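Below are two complexes that have chain A in common, paired first with chain B and then with chain C.
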Partner chain A sequence: MNYHFDFSFLDGKVGALLGGLKITLELTLVSNLLGLTFGFLLCLTTLNRRAIVRWPARMFIEFFRCTPALLQIVWFFYCIPMMFDFFIGPIALGIIALGLNLTAFNAEAYRAGVQAVPKEHLDACVALGLRPWQRTFYVVLPQALRSATPILMTNGIGALQQSALVAVVAVGDLMYVGNRLATDAYRPLETYTLIAVIYFALSVPVAQLVRLIERKQDFATER
Partner chain B sequence: MSVNFAIVFPYWRVLLGGLMLTVAFTLGCAIAGSIGGFVLSLLRISTNRWIKSAAAFYVEIFRGTPLLIQLFWMFFCLPVLFRISIPPALSVLLSLTMYMIAITSETFRGALKSIASEQHDACIALGLTPRVKVLYVIFPQGLLRAAPPLLSNVVSLFKESALISSVGIADLMLVGQNISTNTARPVEFLSAVGAIYFLVAFPLTRLVGVVETRMLRRYTY
Partner chain C sequence: MNAHTSIEIQTLDEEPSPETYPAFVELRDVYKSYGANLVVMNAMTLDMRADDRLVIIGPSGSGKSSLLRCMMGLEGIQGGEIRFQGRRYIQGGPGYAPTGIDRALQRQIGMVFQHYTLFPHLSVLANLILAPVKVGGMSRQEATERARAYLVRLGLESKLLAYPSQLSGGQKQRVAIARALMLEPKLMLFDEVTSALDPEMVIEVQNVMLQLAEQKMAMIIVTHDMHFARDIATRVVFCANGSIVEQGPPGRLFRQPKEARTREFLEKVLHLD
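Up next is the complex of A and B:
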């Protein structure tokens, strides 16, 4: 292993990398916002009493959970413009594909949180004469959110990693810029390592935070 | 536009070939990755601080970077670094396996943690050697408890394996994409590929639930 690392080709390319990073962050943040909001709504839909409301929601979730994210992205890029005859820009399409994928996964996280609320609490709500909306918003929601937080955050980092997939359909994110640099300068080793380090540096702090929250929760539930 | 799914059927043999390759890669990497993941999870509870943090670092690296980069890194960088030529299939196998090792080691770690500390004490009281303890007491219980999450790891590996298409392995994803560009019929072919992935993955996810409720209730203490 006597490879000579040489990062000098990066001169003047930092701007391009930063531009890619900006798009990656944009994809991640907006799809997380979508996923957190619609995931919760979707979770409520799957817990609806009526089967006719519940079923489409379940099918949506299963569809996004049981097909590859790469396929979903490619599908959105080729098929949505063709089927509906409109085009809304690659980044927006990427955000929609990633956001819907995250929505499905987050809905499951919220659902696990709701189902983790002890049954006794629901009985207590009846005993105290709370109305259904009071039960949902004051008893179930706070506890569900609390236990779902680590999974939601982990899914959020997952979205950062999956955002790299949009490079395959030529959206200029960090991965795509990295690919271009690697082939232009024929320096794959330096470029891919650098890109990996950037993704790593973005996701590790969040992962550590998740671990911290989990430890706190273990402690809280042990008492 | 008109959508006509009948044009998919003449291509079933090619699509099936792609699916076979996807399944082969998934199974191979899942088995190798699970064995490696168990070993790594043992290293993570080692008493040696260096071994422990090295194992944790490995997991962090592979969980903290996109799989696409890992694939590209193995594919483009290993040959440059070691000045050897690696066949594409091998570099893909290597990188999926290393990824899977990191993921399953977390699964096993959770399962091993749930084995009560009394059992470790009992092993000491019975004078079992560490090797016997790991093989006959820890491993069977760990495997049983880890079975449902391991299965869902395999399902996600099956989905993630679609990424190997980006380094030119003719798996289901690449085959589907190729046909869809050659026939200019992305809606039909990409949807069909999605349906195939779904038809394999969905029953497996149901199986995870079954394994969880049936096996665990019966066999764990």
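Up next is the complex of A and C:
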């Protein structure tokens, strides 16, 4: 390859890149906050004894798991303003779309955690005289959250990667800024490589942390 | 009734008459089934005194574990009633959960399970004090003192702050026994507590149970270990197909079973040992 990498075009563009990075982080962090909170509530709903409560929750989850994230973002961006006749800004819509998507996936992670608690532990709780809410708060949830943590974190990194999709609806995130720089300067190789390195550098520490937690949990697993 | 064969911890030479010893646990025509085809307790009637240590033996599917689970209030019974300390404890009724259970009586029963049930996210100490503090309203300090005392007795003092994953199987079961004892139950239920253990760990758990026997703890034990049954029981109950086939002091029942069904079972299991 005779290509000469030349990053000089970035002079004066660092500010724009940082601006894009800030929006990407904002999208990721806020959608994770939404996903962690509402995912938990949605999980409780899917575990409800009444089918009438469970059913809408399952529909919600399946909708977000079984349609492309890109389509979800585009749909929210164009359809919500049309349906409800209001526009709350592209970033807010991006956050809602990503957050709801993450909510669906996190609900499944929480649910797997709850269901991984051995039935025998529930029997032991009854034998110890713990009331149902005590059983939930002192025994089930602490164990469920522990086993769900690696999946929740992996989903969280996923949201960082997915956030790049909002560039298609002209939200000025890192991907969007990268697209513009690449076409303005005719330097796609440098620009996209740099953008990739930034996404990679943001994700790798979290991914490593997930591995560390998983190894620690394997070690501590019973039986 | 035949006289007991004396074994180390046995204190009764013969069974006292029912008049002098009021029943502690009474099962009256207890009926339980899972669906129409699987009847696990069929009109079971059983009396137990406060100084009894009942060992329930029998082929799998004979209703042994169900009896313990119903006694603990983990599952309901469909017919009959269970009385405890002279009071109505659980009644027969439809549904999976026990009907009309007396929670105050339930709290006086402790249970240890076949599978490890220590909560893995809590230290040994936290496992021991969880129920006394949250349910019994004991102060954390008092509960900690009591936990320490139990662990000293079990030779597990050094494991106070360990986590369950750091314990051997035998240690886990001993801690599980201590956890049940923390609430000072009047009756202890043991459901095949050594079945999941490696052979060398069985003894350490059985020794703890023998210690409890010396302290006159009332117990109902389900086990497949006939030698242990002989050592700890005041009375052995043989169940098959949801009914009590025969019961009696271990010396008599193991040596001269009256029923052919009992003899057949004992020949099989004692052969395997």
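One rule holds in what follows: the second predicted complex is superposed on the first by the 221 of 223 C-alpha atoms of A that agree within 3 Å, B and C clash if a C-alpha of one lies under 4 Å from a C-alpha of the other, contacts with A are read in each partner's own complex, and residues count from 1 in each chain.
Following the convention adopted for this analysis, a contact is a pair of C-beta atoms (placed from the backbone, for glycine too) under 8 Å apart; a residue touches a chain by one contact, two chains touch by 3 or more.
Just so it is clear, the model here is predicted, and its values are computed rather than measured.
**Q** Label the relationship between chain B and chain C on chain A in the superposed model as either fit or clash.
**A** Superposition result for chain B and chain C: fit.
**Q** Quick one: classify A:74 as touching chain B (first), chain C (second), both or neither.
**A** So A:74 only meets chain B here.
**Q** Compare chain B and chain C by how many residues of chain A each one touches, and report the one with more.
**A** B
**Q** For A:52, is the partner it touches chain B (first), chain C (second), both, or none of the two (neither)?
**A** In the superposition, A:52 touches no partner, neither chain B nor chain C.
**Q** Given the touch rule stated above, what does A:83 touch, chain B (first), chain C (second), both, or neither?
**A** After superposition on chain A, A:83 lies in contact with chain B alone.
**Q** For A:14, select first, second, both or neither according to whether it touches chain B, chain C, the two together, or no partner.
**A** In the superposed model, A:14 contacts neither chain B nor chain C.
**Q** After superposition on the shared chain, which partner residues are touched by A:168: those of chain B (first), chain C (second), both, or neither?
**A** Touch status of A:168: first partner only.
**Q** Taking the superposition as given, does A:189 touch the first partner, chain B, the second, chain C, both, or neither?
**A** After superposition on chain A, A:189 lies in contact with chain B alone.
**Q** How far apart, in Å, are the nearest Cα atoms of chain B and chain C after the overlay?
**A** Taking the overlay as described at the top, chain B lies 21 Å from chain C at its nearest C-alpha.
**Q** Would you mind listing the overlap between the chain B footprint and the chain C footprint on chain A?
**A** none
**Q** Which of the residues in chain C come into contact with chain A in the complex?
**A** The touching residues are 69, 72-74, 103, 106-107, 109-111, 113, 115-117, 119-122, 130-131, 134-136, 163-165, 176, 179-180, 183.
**Q** If we count contacts the way the header does, which residues on chain B are in touch with chain A in the complex?
**A** Touching chain A: residues 1, 3, 60-61, 63-70, 72-73, 76-77, 80-82, 155, 159-163, 165-166, 173, 176-177, 180, 186-187, 190-191, 193-194, 197-198, 201-202, 205 of chain B.
**Q** Please name which positions on chain A make contact with chain B in the complex.
**A** 1, 3, 62-63, 65-72, 74-75, 78-79, 82-83, 85, 160-162, 164-165, 167-168, 175, 178-179, 182, 188-189, 192-193, 195-196, 199-200, 203-204, 207
**Q** Quick check: in the complex, which residue numbers of chain A touch chain C?
**A** 118, 120-121, 123-124, 126-131, 134, 138-139, 142-143, 146, 219-223
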